[in-house]
Amino acid sequence: MIAHQSSFRLSTQGNTDIIDITHLVEQIVRESGVTIGIVNVSCKGSTLGITTLEYEPGAVSDLRRVLDQIAPPNQFYAHNARWGDENGYAHIRSAMMGTVKVFPVSDGTLRLGTWQQIVLCDFDDRPRDREVTVTTLGEVG
Amino acid sequence: MIAHQSSFRLSTQGNTDIIDITHLVEQIVRESGVTIGIVNVSCKGSTLGITTLEYEPGAVSDLRRVLDQIAPPNQFYAHNARWGDENGYAHIRSAMMGTVKVFPVSDGTLRLGTWQQIVLCDFDDRPRDREVTVTTLGEVG
Amino acid sequence: MIAHQSSFRLSTQGNTDIIDITHLVEQIVRESGVTIGIVNVSCKGSTLGITTLEYEPGAVSDLRRVLDQIAPPNQFYAHNARWGDENGYAHIRSAMMGTVKVFPVSDGTLRLGTWQQIVLCDFDDRPRDREVTVTTLGEVG
């Protein structure tokens, strides 16, 4: 059993930019040498989310629209009133979606569906640099 | 420390069929021999969710109704328009709920509340066969 | 590799009491001796959630307000009708948010953002005593 940890950085446009990070996670899982186990995909911060989605423009725009209904950018947020920020909606979306997911690893690869990609959703109201941490635990060889 | 992985299949009715899978997960945890650790419960796909719920008909129907409000089946989805599908709502529900959860294992058993069951929610618009992967990591003996 | 498990208890006010538990989790991670790995933060029950949030009064009240819109306390719930309960809304919020999150551990500490705290949200309609289980897996020394 080992625990292997690596990270990668990416730049986002913010404003619910939804980015497919599957291949970057897959590469780190391969580097870890873990054949059976789990992989934790996590990003620091309180204005982003990590989840899975069929990564095609239709589903991406649908997810944006539903999130706009759950926590609209342009309504009152006590967070904004208190701090002069405009990203109150982003904090709520992040708390609802979560900033981390954990997937099984089988035969040395991510166990995901064909139409299922791991996405980082950057809810913040401006471009951001993000660091995604990938921790793989399991049996090797 | 070991990593043990096993899976089971189940047939669903789709249409937000909510199925209690606690006993199937519990059985695999027992087979693993892990006494202290965690168990990852995951299902491939982009039109389902895994979470916990008090599994009684009232809470099950309440969850369905709230999901119908968050992502109604019969409104416009760009995913449907683009692909001729009718399960756009299912993709959104899956991205919001997540397709995986991770629970603690103590004394060789799942650490859940008495009124807390692990459920698979199949949001797709038709019956599906699903494979649930259960990965248990931890100390044995 | 080790799996270390410990727990702590806390009293909540219920009614979507949102409590910062970061320092209690951090202390257990430190006790575990794990330097690289993951930590699973979980609480038994079907009327609470665990997530992350910038823990300041504005964001806390914003999260409460959005949850009040998604699953209002004072509307019809089949769970309430069936059992004479008044916490039907709490079950739905718990199923949507999840009762567990898993974070990376790097250099012996929780990998969280500066403005990102781990919070327990007690949705139940009365004060509760809760037990949070913290399971740390990874390499030591």
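Letters A, B and C name the chains as they come in the text, with residue numbers starting at 1 for each one.
In the analysis below, a residue touches a chain if its C-beta (ideal position, glycine included) is under 8 Å from a C-beta of that chain, and two chains touch if they have at least 3 such contacts.
If you're wondering where the values come from, they're calculated on a predicted model, not measured in any experiment.
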item: Copies subunit C and subunit A - interface residue numbers shared by over half, same or different; value: different
item: Rotation angle (°) superposing Cα atoms of subunit B on subunit C, nearest 5; value: 120
item: Rounded Å distance, subunit A centre to subunit C centre (Cα mean); value: 19
item: Two or more partner chains touched - positions in subunit C; value: 1, 70, 96, 98, 102, 137
item: Subunit B partner contacts - residues on subunit C that touch it in the complex; value: 1-3, 5, 40, 42, 44-46, 70-71, 77-83, 88, 91-92, 94-96, 98-100, 102, 133, 135, 137
item: Interface residues, subunit B side, partner subunit C - complex; value: 1, 36-38, 51-54, 56-59, 61-63, 66, 69-70, 96-98, 101-106, 111-113, 115-116, 119, 137-139
